[in-house]
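In the two assemblies presented below, subunit A is common to both, partnered first by subunit B and then by subunit C.
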Partner chain A sequence: MTTVTAPPGGAPLQPRTRPSLLRRVWWSDSLAGWAFISPTVLLIGLFGLVPVVWAFVLSFQHNDLISPGSWVGLQNYRKLLNDPQFTNSVRNTIVYTLIFVPVCVIGALLVAAALNRRIRGMAFYRVAVFIPVVTSTVATATMFGWLLDPDYGLVNVALNKVGIASQGFFRDPHEALLSIVLMTVWGWLGFGVIIYMAALQSVSADLLEAAAMDGCTRWRAFWRVEVPLLAPATLFLVIWLTINALQLFDEIFVTTKGGPVGSTTVVVYYLYMQAFQYFNGGYASAIAYVLFLAILVVTAIQLAVGRRFSHGQR
Partner chain B sequence: MASRPRFVAALAVGVVAALSLAACTGSGSTPAATQSGGVVNITLSHGYTDVEAKAVTAQVASWNATHPDIQVKLVFNGGNDGALQKTLAGMAAGSMPDIAYEYGSSMAALAGRPQVVDLTAKVSDPSFKWDDFYSFERDAATSNGKVYGVPALVDNLALVYNKKLFDAAGVSYPTNSWTWDDFRAAAKKLTNASVKQYGWAYVADGSEDTTWRWLAMLWQEGGSLLSSDGTKSAFNSPAGLKATQLLHDMAVTDKSVYLDQGNGNYLNLFNSGKIAMLWTGPWDLSSINSDVNYGTQILPAAAGVHSSIAGPDNWMVFNNGTARERAAWTFLTWLTSAQTHGTFTLATGDLPTRASETKLDTYTSYLAKYPGDAVFVLNLSNVTTARPNTKTYPQISQAIGSQMQGVLIGQTSPQDALNSAAQQADSALAAGP
Partner chain C sequence: MSAAPLVGPLPEEDFAGRRARRWPSPWHFLLMPLSLLMLTPLVWMLITAVSTPDEARQFPPALPKSIQWSNFADVWTGSPFGHWLINTAIVSTVVVMSNLVLCSLAGYAFARVRFRGSGLAFMLLLTTLMVPFQVVLIPTLLIVKSFGLIDHLGALIVPNLVTAFGVFMMRQFFVALPPDLEEAARIDGASRLGVFLKILVPLMGPPLATLAILTFLSIWNDFLWPLVAIQSPENMTMQLGLSTFQGAHQTDWTLLMAATLMSQLPVIVLFLAGQRVFVRSIASSGIK
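Moving on to the complex of A and B:
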């Protein structure tokens, strides 16, 4: 906004040709910029910011979402501390995230490395890897529901063929969360692969050539040269996948509905139950805010650690 | 970009906030009555598709042709599963239909709100013949002693079985005097692990779908869900234990039950001859393939009581000013009369909502057209209890459903399951809505 303030003291260099204030404001880059983004700002403000603020207000109320609520102070937050179902959902979410993120990142890295070469039909493989990402979650979940059906699913048929007993998958409380991991890794892997492939393209061939001349094997060059150079992409993926893992909902909603016996009730699914099945809007908002804070803290830690790590490389 | 989970979470928070924001800006604001030249225009929101949509459209068209003073506009609500959420959002925004189709389970969330018209005085008019509706339908339309709905659809659970599988296993068909023991023994004989054939199927997703079938069993044993004053749970009882034990014995000991995970696979498997018996309602009959030779029978009984359970849905009226409210009631009286609904059931195969519909001339053609429905109509008299219309019911249902899921997969013992479910239900009841 420096355009509107006249230079302090002394005569301006070209007083005559200087355009009028109004004109200067009108043509200034910042105003044009604001004008261009204002529709977006308005929409995001209305449908993003206002609800975020309002949910914060709600979290201090007892509110069934329709009738005016009553103020209850910190009661919703205090209730969270003594809610075994909430504790259970937090535990499930953490376990899910700790398995999903590493599996997805390492899997994507390996697949991207495998696809980053010139072989016949590469375009086909690349499309095949990406298709799960653009497949609707509901379709994915329905398909996995059939594949992993304990009685009639193809996976159990295959396991039986090689002499392994049938598994319960979504029906077994000890396997349900792992089955969700399997399903979501399938759905997200392609996303990671795309990010890694883009990053691999930017690794200079000179570096790999130099490594080869120094007698470095291809495998060693991958781990010692390429992987460190991919650190920014890894950081982005870890943060992005963690945020999504902490907000897992759709797949649970379609397949297990939080069961069996609460073994896949994650935080957002519990929030949904409270808000839209029990109509405890205030309590649900408190859960949403605790989740928001958790994501904020986790992301901040990841950024801090990740930055230090990638700075050390170049 | 594939940020779907995040989007849903944002949406959830957004909707929570948007609804209450609107609620605070003024509930009870109603749009002006759409009136022009003595004609009152009203809207009816519904979730009918397919044959039902065709039938209701034809009925409304015939009404509009003969009643120039009250013109009805049909609005499709996008599917009844979201009807409650849509209605609540409409209330918050001050824009409501005059009449809406609502699930019976939505009654507790809607009853008593200022926008919902109390119909108690209207239905008590003798010409409306309120007592002609089955008593459990009337209970389901009532909350805290006041009537807020008129029954729109009624269902109940009966036994549907595949005759071919019975013949192949040499088991005689279910009779109306079957006991739980007969049922269990038959299911066991009809199970053949080597070809993955099951005697029975049970929806074990831990939702209301799991709970309501169990409730029928609880009632057959003479148990009840809540104490008579509704303040405490009462299902952790000998009756509750017997019902839960049967599930355990069949699913875990006999392994004669296919556990459906809520994705409706049981119907496909019934069609392909992998499941011999279902406890289901008339809504599934139209999805049974024509080459499956099936029979229907009332549920097996405990102690001679064949209690079933019904989920009646309601028409509810919303307050959009006196003129529209009066017009809506006039139309609804016609729509839910025995004559009009009788025509509707003949076109759709839905069950009669009024007892007198079974005495109409059209009923004979109805039975001829839908032979499978006869048992379901008779079975209406086995529905003696309605689920409670309270705001804590969804939590109680969730507690029971989740614990029964544990029993069915052999994770939890019947008594432990009942203890946990009762504890959760009691704490939900103590906390209040």
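Moving on to the complex of A and C:
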């Protein structure tokens, strides 16, 4: 540390003290540090931070995204409270989320438990469950559009065979949102399974053996030993799936376009309509900020409840 | 029990007994229907994609008599499908490459280098992670428009060159990496960049693979942003193109399924080839 070599170029040797060395290191580190992060800081600043502030400003304006906007104060937010279409989109989003998240989490838990064993053909089963994860939302929606086609779709053909009348699915206002749930559960189940299977790896076999020695059946051990140990994975999944459910858009755009009669108009689809069909950039930004706030609040509540729930397990 | 040592089991019995114990695990009765259910949409797409329109609508549904390869050719000639494929390949390649470089450089700096402003910069970075994309959608569109990039592949590339998530992920990797090797090299007089290139790059294989896969999947599947940023059919990406194709061929299910199948084939092939890495990447995106 204290040995300081002469600078190149034969400059006169001077006794170096520690502060000057430290300063040189500090300078070179500052330079290197900023050189390494400056492209990132620039890009994230421009496409991450600036738009967040800009959107906040927009939410207090009338703005058609082409001509300069005019200041309207809180009018956009006040309008939201009395907009039946917005209220409807909030209701649809909540209903969707409340069905989608539990179905996905419980389904993923059971499938992961079933897949977490060594039997023949497991590679095939895993592929079958995981492939939907890499299937795009647009492709998923297109496939289900065909599968659930009221006239020629496979599902109605199968239903007819067992004596059930054809269903409207995406074209029936009472079934459209449930059809969306079915389709998105297909797309997201594998993700949950992957998360749970990774978490199951860390459940120690000793604990299960101990439970078995105490006379615990395999089924009880699963619910009393494994499921509580999976609490962190469950909490993560619930939060992650909720965030994604609240932002549902692609599948709606491809299948129902928010219909029939607004039964699948979710918040982000309504935002999209306001911004890019009615050119109400300000109003759409207000919707975006309400969504942002809702996601923050819901996540905070889930975290708080989750921590209390998994109390005592780290 | 007591007869067992006296009368040995017949070979057939032994064979049957072993089979009974080994093969039909009761779990198959659960897993087989489940995986068939999960595969139904994909298999049904595959069958429809090679059927004639009449066969696709026949009752009850059956396998096509001969494979209609012409469906794929019709998609290819009837839409700018080749453009969509090339555009998606260009955008995902450039974005993945730049993310690998920029995220690892920034992640290293945030984890290891002590410099003024790093704490603040990192905190702001984390803040952007929480913001849903819909919030920044409209201003980002206006920014891209001011660069003259609307309806241009650049609109899909520039805002995605680096992701806060990628920086965070790489930082976590460096934080968990023991610093001994780097310190030794630093004492020997290596520069920060030298340490990074010569010592750390060879160690970064697994996290970079994860970052590449997650970035690739998110770009390949991105829909909302291309939808608002691109208008011309020949500038579209695969997902956006597929959705316009779907809009134009509402009931032409054979062509639609042929297009959907072709649009998913590259990702599905990649997934089957590197299933282990894909699954690990998706799992680690969640857990860390």
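Keep in mind that, in the parts below, the second predicted complex is superposed on the first by the 273 of 314 C-alpha atoms of A that agree within 3 Å, B and C clash if a C-alpha of one lies under 4 Å from a C-alpha of the other, contacts with A are read in each partner's own complex, and residues count from 1 in each chain.
The working rule: contacts are C-beta pairs under 8 Å (C-beta built on N, C-alpha and C of every residue); 3 or more make two chains touch, one makes a residue touch a chain.
Since the model is a prediction, treat every value here as computed from it, not as a measurement.
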| For A:286, is the partner it touches subunit B (first), subunit C (second), both, or none of the two (neither)? | neither
| query | If you stack the two complexes on chain A, which partner ends up touching A:172: first (subunit B), second (subunit C), both, or neither? | reply | first
| Which holds for A:114: it touches subunit B only (first), subunit C only (second), both, or neither? | second
| said: Quick check for you: in the superposed arrangement, does A:152 touch first (subunit B), second (subunit C), both or neither? | reply: both
| request: Kindly classify A:241 by the partners it touches after superposition: subunit B alone (first), subunit C alone (second), both, or neither? | output: neither
| said: Output check: A:261 vs subunit B and subunit C. Expected answer is one of first, second, both, neither. What do you get? | reply: first
| request: Count the residues of subunit A touched by subunit B and by subunit C, then name the partner with the higher count. | output: C
| query | Counting only touches as set out at the top, which of subunit B and subunit C does A:137 meet: first, second, both, neither? | reply | both
| message | Quick check for you: in the superposed arrangement, does A:191 touch first (subunit B), second (subunit C), both or neither? | response | both
| request: Report for A:230: first if it touches subunit B alone, second if subunit C alone, otherwise both or neither. | output: neither
| request: Would you please give the residues of subunit A that touch subunit B in one complex and also touch subunit C in the other complex? | output: 47-48, 50-52, 54-55, 58, 65, 133-134, 137, 142, 145-146, 149, 152, 191, 243, 247, 249-250, 268, 271-272, 275-276, 281, 284-285, 288, 291
| field | Complex interface listing, subunit C residues touching subunit A | value | 23, 25, 27-28, 30-32, 34-36, 38-42, 44-45, 48, 56-57, 59-61, 102-103, 105-106, 108-110, 113-118, 121, 124-125, 127-128, 130-143, 158-159, 161-162, 164, 167, 191-193, 196, 217, 220-221, 223-224, 227-228, 238-240, 242-243, 246, 253, 256-257, 260, 263-264, 267-268, 271-272, 275, 278-279, 282-284, 286-287
| message | Per the contact definition, I'd like the list of subunit B residues that touch subunit A in the complex. | response | 2-6, 8-10, 12-21, 23-24, 27, 85, 88, 91-92, 109, 113, 196, 198, 204-207, 258-259, 261-263, 265, 269, 274, 391, 394-395, 398, 402-403, 405-406, 409, 411-412, 433
| task | Enumerate the contact residues on subunit A facing subunit C in the complex. | result | 26, 28-30, 32-34, 36-37, 39-41, 43-52, 54-55, 58, 65, 111, 114-115, 117, 119-121, 124-140, 142-147, 149, 152, 154, 157, 161, 186, 189-191, 194-195, 197-199, 233, 236-237, 240, 243, 247, 249-250, 253-254, 268, 271-272, 275-276, 281, 284-285, 288-289, 291-292, 295-296
| said: Under the definition above, what is the set of subunit A residues touching subunit B in their complex? | reply: 47-48, 50-55, 58, 63-69, 133-134, 137, 142, 145-146, 149-152, 168, 170-173, 187-188, 191, 243-244, 247-251, 255-262, 268, 271-273, 275-279, 281, 284-285, 288, 291
